[in-house]
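Once you scroll down, you'll see the structures, which are given as structure tokens.
You will see chain A twice below: alongside chain B first, and alongside chain C after that.
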Partner chain A sequence: MKELLSIENLHLNFRTFWGTAYVLNGVNLKIYENEIVGLVGETGCGKSVTSMSILKLLPSNAELSGKIIFEGQNLLELSEKEMKKIRGKKISMIFQDPMSSLNPLFKIKTQMVDIIKLHHNIHKDEALKKAMELLKAVNLPDPHRILRSYPHELSGGMRQRIMIAMALSFEPSLLIADEPTTALDVTIQKQILDLILDLKKEYHFSVLLITHDLGVVAQTCDRVGVMYAGNIVEVADVNELFENPYHPYTKGLLLAIPDPRYKKPLKPLRGNVPSLFKPPHGCRFHPRCELAMDICRREKPQLIEYSKNHAVACHLFRRGDKK
Partner chain B sequence: MSIEELVKVENLRKYFPFKKRIFSKKVRYIKAVDGVSLSIKKGETLALVGETGSGKTTTGRTILRLYEPTGGKIYFGGQDITKMPKKKFQKIRMQMQMIYQDPYSSLNPRMSILNIIAEPLRELMVKNIEDRVLELLESVGLRREHMYKYPDEISGGQQQRVAIARALAVNPKFIVLDEPTSALDVSVQAQILNLLENLQKEKNFTYLFISHDLSVVRYISHRVAIMYLGKIMEIGMVEQIFEKSQHPYTRILLESIPVPDPKDRKRKKLRLPGEIPSPLNPPSGCPFHTRCPYAKDICSQKEPGYVEVESGHLVKCHFAEMIE
Partner chain C sequence: MKLWEYIIYRIVLAVVVIFFVVTIVFFISRVIPANPAALWAGAHPTPEEIERAKEELHLNDPLITQFYYYLNGLFHGDLGISIRTHHPVAEDITKAFTATFELIIVAEFFAIIIGIALGTYSAVKKDSWVDNLSRLFAISGVSLPIYWFGMVLQLLFFKELGWLPLSGRVDTIVMLEHPLHVITGFYIFDSLITGNWIIFKNAVWHIILPAITLAMYPIGLITRQIRSMMIEVLQENYIRTARAYNVPNRTIYMKYALKNAVAPALITVGLSLAYTLVGAFLVEIIFNWPGLGRYATYAILSMDYPAIIGVVIIGASAYVFINVIVDLIQMYLDPRIRV
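Moving on to the complex of A and B:
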């Protein structure tokens, strides 16, 4: 498999009135061609901000360091003008709330045609034809009616389909989906996830799927990264992660979620997510970890490939150890 | 009605008037709750499940008479409370509480936790308010140090605990929980679910648990009712619904849940086409027929009644017991 995107030792701090928030603390993640990578974690673990860093859509008080290599070039070194050629064309993004990504004052037709016209440099009629094709590709019934509608006249599922259609109009090689189904009902969630899987087969793009729902990850992703307080603590193939999790945090998460197939006792993780203004020293998970040792308080564990296609950042797993 | 049943609802209806144009004389109705019958035993959790717009929250609020019902009967502890005068109802209302999805917006940001919980106690002329507040905080797993904090100084999970403590302050018997964990992270969700379960065991609370999350419902509830467009499509014990469901809608809903196990992917699943129709313009006959993969002619013509497929397991479908 060819490497498409590689995030290397990404650090991100926000300077604020209340002090510096240490949001990302050395994130490492690779995305290969034609695969779906899930990024899971709880609120505030830095998963959305990681995706925003890829597109460099961060506020001005952000301090970003490290490397994001995409198709051979480091995105962090590109100018704003060069980034514009990547955003929406090579890397597209869809968000949780499709209502706030669409302009409520314009019809879908105006919004889609404008964007297609601008980026493809084609005539209005051609752009309209392309818009129709895209709406058909995302299985929207009656595209004529949809194009005449305003965003508020459509349901959440339809709006998300339109966002996906617009994101795909330039055939990007990477689609970042930030909690694309969190605002939707389960039946519609299933439809949207199936649609992303179907489109991926057809258009051969990679997906970075950001979610807090381990069920969604299990059902859609090929590989998964688990994030905690600004670090990726574990990366593995989806089957491996659910069957044989290494990191105590991943194990804790899996024990805390209910299973729809049977009633099992739930074991909540103790404590709370730490403040990013004053993150714990060493391993950021150590105050909540039941297996924490002395070294965990002093030294940050590195993400190492402990077994094949399964990396973990935890002092319990040292390089060279045999299982 | 047996003494064991704390809450009983018969043919409950709640219609909201709706005008297409401000000055038009024609008034149409959104039938948010349209003929719901259910009962909840003491110490039992009944889950009300459905998609957005299915009327589950309206049902919960109408049972507490936060909305005045359009029709039907509501019984609480054997008494008919549907039309009970306000003064008399107030005493009963105290035994019913509601907990909401977003704990932050249900707590006054300008009041300390102490005052938030003490407010109902003052109304009840309780003595030694501070001791009682501490007792309540401890019963939901908080400590004395939280008493003088404000809602924005504590985490979402702790805010939900405060909301629960406030509901417990008046010694209720019946609590309506409206998506109490939807706004919380998974690790915190598990804490709150365990807390609710332990409180129920200790104090024999009766819960109406409104949720769209079937995994959570499987964990917390004893019985489950599946709602669609203001009507209950299937109701039964949690095992009956999750393992022996007879209604196509329930089946599809269950198959749509993302199971946290990648091995489950290989199972062939039904795909549910379309979206929930507008409650302003509900389909004729069975409300589900427009999306049902098994729909026949009769489904669009005649509304099915309830079939009792097993003791306590009711299904509203013409083809109950016939679906593979």
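Moving on to the complex of A and C:
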């Protein structure tokens, strides 16, 4: 498998009125060609900001360091002009809330044509034709009507399909989907995920699928990264992760979902998500970890490949001492 | 509801509101202890003359009958005869109203252009020195008294620099030498379409200072409103979407964000228009502008109640219809309201 994107030791702080928030604390994640990687974690752990970092769409109070290697270049070192060749073209993104991600005061036509025209350097009529093709590609019936509609005249599922159609405008090699189905009802969720899977087969892009729904991960992803308070704490193939989780947080997460496969009583994680203004030293999970040791309070565990295709960041799992 | 149904509904509503205004103003003006008949009869009237004046003005009839006469006249575009000028009030007001309206249109035009430009720029360059300066300017606009602005401008541009005329709508001499063929009553417009460039220039020169004075408050109001709406809009998800596809900043600000900021800010524009209607009273006195405000002031000073009622009715109608128009524009801009 060829490596497509590699996030290395990504740190992100936000300077705010109340002080500095240490949001990402050395994130490491690789995405290979033609695979779907899931990214899971509790709300506020930094999934969205990780994806926004890739496209460099963060607000001006963000301080970013580390590396994001894509096709051999470090995106963090690229100028805004060079970034424009990547953003929306080679890497495109769809967002959680298709209701608010489209501009309410402009017709779909205007919004799509403005984007397509901009990049392909083509005339409006051609852009319109292209928009029509894209809407057909995402199985939207009656593209003529859709183009003439305002967002509020369409359903959530239709809007998310439009967002996907926009994302396909330039045949990206990476599609970032930030909770693409969270705002939709269950039957539509399934349709949208299936659509992404179908399109992936057709266009051969990789997907970074951000979600907090482990069921979605199990159904769609090849690999999955688990995030906790700004760190990737575990990465593994999907089946491996569900069958054989290493990290105490992952275990807790799996226990906390009502999954019939486990037949165990629902057991929520104890404690609260830590404040990112004063994150815990060492392992950020230690205040909530039942297995915490002395070293956990002092030293941050590194993400290591503990067994084949299964990496974990926890002091219980040291390089070398295979189970 | 269909669009035209809505428009008709709004117009009917407007007419009802205006009817209430007419009623209230009519009865208030009759309750005030004044002696219009004495005024009507001219200087040093004899009791017989006053009695005759009372007959002419229907002042001996019961109030309700007087009201009926008034409404009947109103229906035929007759607002009565001014006690002060002895002209039909409708005629006086039409003349004064176009003068005021011209002033308001120019002022509001400045206010909208400057307010939107300043507010947008402020929001985009939030917390920069330009933003701070424009906020200070906006605060001054809404808080400093209008006569203060007017007099400072007169001191500066008339007395010190001598660039602009002190007051009036057009120089009388110039008007006599180059008579203007009045079509709409808006001097700038009439002189433009009849190609009377001398009057055009003269009228424009005259309107600059009062229009700026009148515009200060709306500029402040609109700038602040657009700035805060724009800051809010720029954080919206659809702006993030546009950024994720490299839509250039200029398109984002001027097209995608501005429309979203302007649609709700229109309410403020409507409010500021109402304000200019009131502000015009002061500005017209300061700049000796022959408009509704000046007319009303004299009418009040001389208890010329047909004129007072006329001004109030016209003012209220203008206000009500401005709001209807603002609502319709808002509907045009925001498809979600167009149900």
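Note that in this section the second predicted complex is superposed on the first by the 318 of 323 C-alpha atoms of A that agree within 3 Å, B and C clash if a C-alpha of one lies under 4 Å from a C-alpha of the other, contacts with A are read in each partner's own complex, and residues count from 1 in each chain.
Assume a residue touches a chain if its C-beta (ideal position, glycine included) is under 8 Å from a C-beta of that chain, and two chains touch if they have at least 3 such contacts.
Since the model is a prediction, treat every value here as computed from it, not as a measurement.
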{"item": "First (chain B), second (chain C), both or neither touched by A:E42", "value": "first"}
{"item": "Partner touching more residues of chain A, whether chain B or chain C", "value": "B"}
{"item": "Which superposed partner A:K84 touches (first chain B, second chain C, both, neither)", "value": "second"}
{"item": "First, second, both or neither for A:M1, with chain B first and chain C second", "value": "neither"}
{"item": "Touched partner set for A:Q189, first chain B, second chain C, both or neither", "value": "first"}
{"item": "First, second, both or neither for A:S92, with chain B first and chain C second", "value": "second"}
{"item": "Touched partner set for A:V238, first chain B, second chain C, both or neither", "value": "first"}
{"item": "Residues of chain A at both interfaces, chain B in one complex, chain C in the other", "value": "none"}
{"item": "Residues of chain B touching chain A in the complex", "value": "51-52, 155-157, 185-191, 193-194, 212, 214-216, 218-219, 238, 242, 252-265, 269, 271-272, 275-276"}
{"item": "Touching residues (chain side chain C, partner chain A) in the complex", "value": "236-238, 240-248, 251, 256, 259-260, 263, 333-336"}
{"item": "Residues of chain A touching chain B in the complex", "value": "42-43, 155, 157-158, 185-191, 193-194, 212-220, 238-239, 242, 252-254, 256-264, 266-269, 272-273"}
{"item": "Contact set on chain A toward chain C in their complex", "value": "55, 57, 84, 87-88, 92-93, 95, 97, 100-106, 114-115, 118-119, 150, 152-153, 163, 166, 169"}
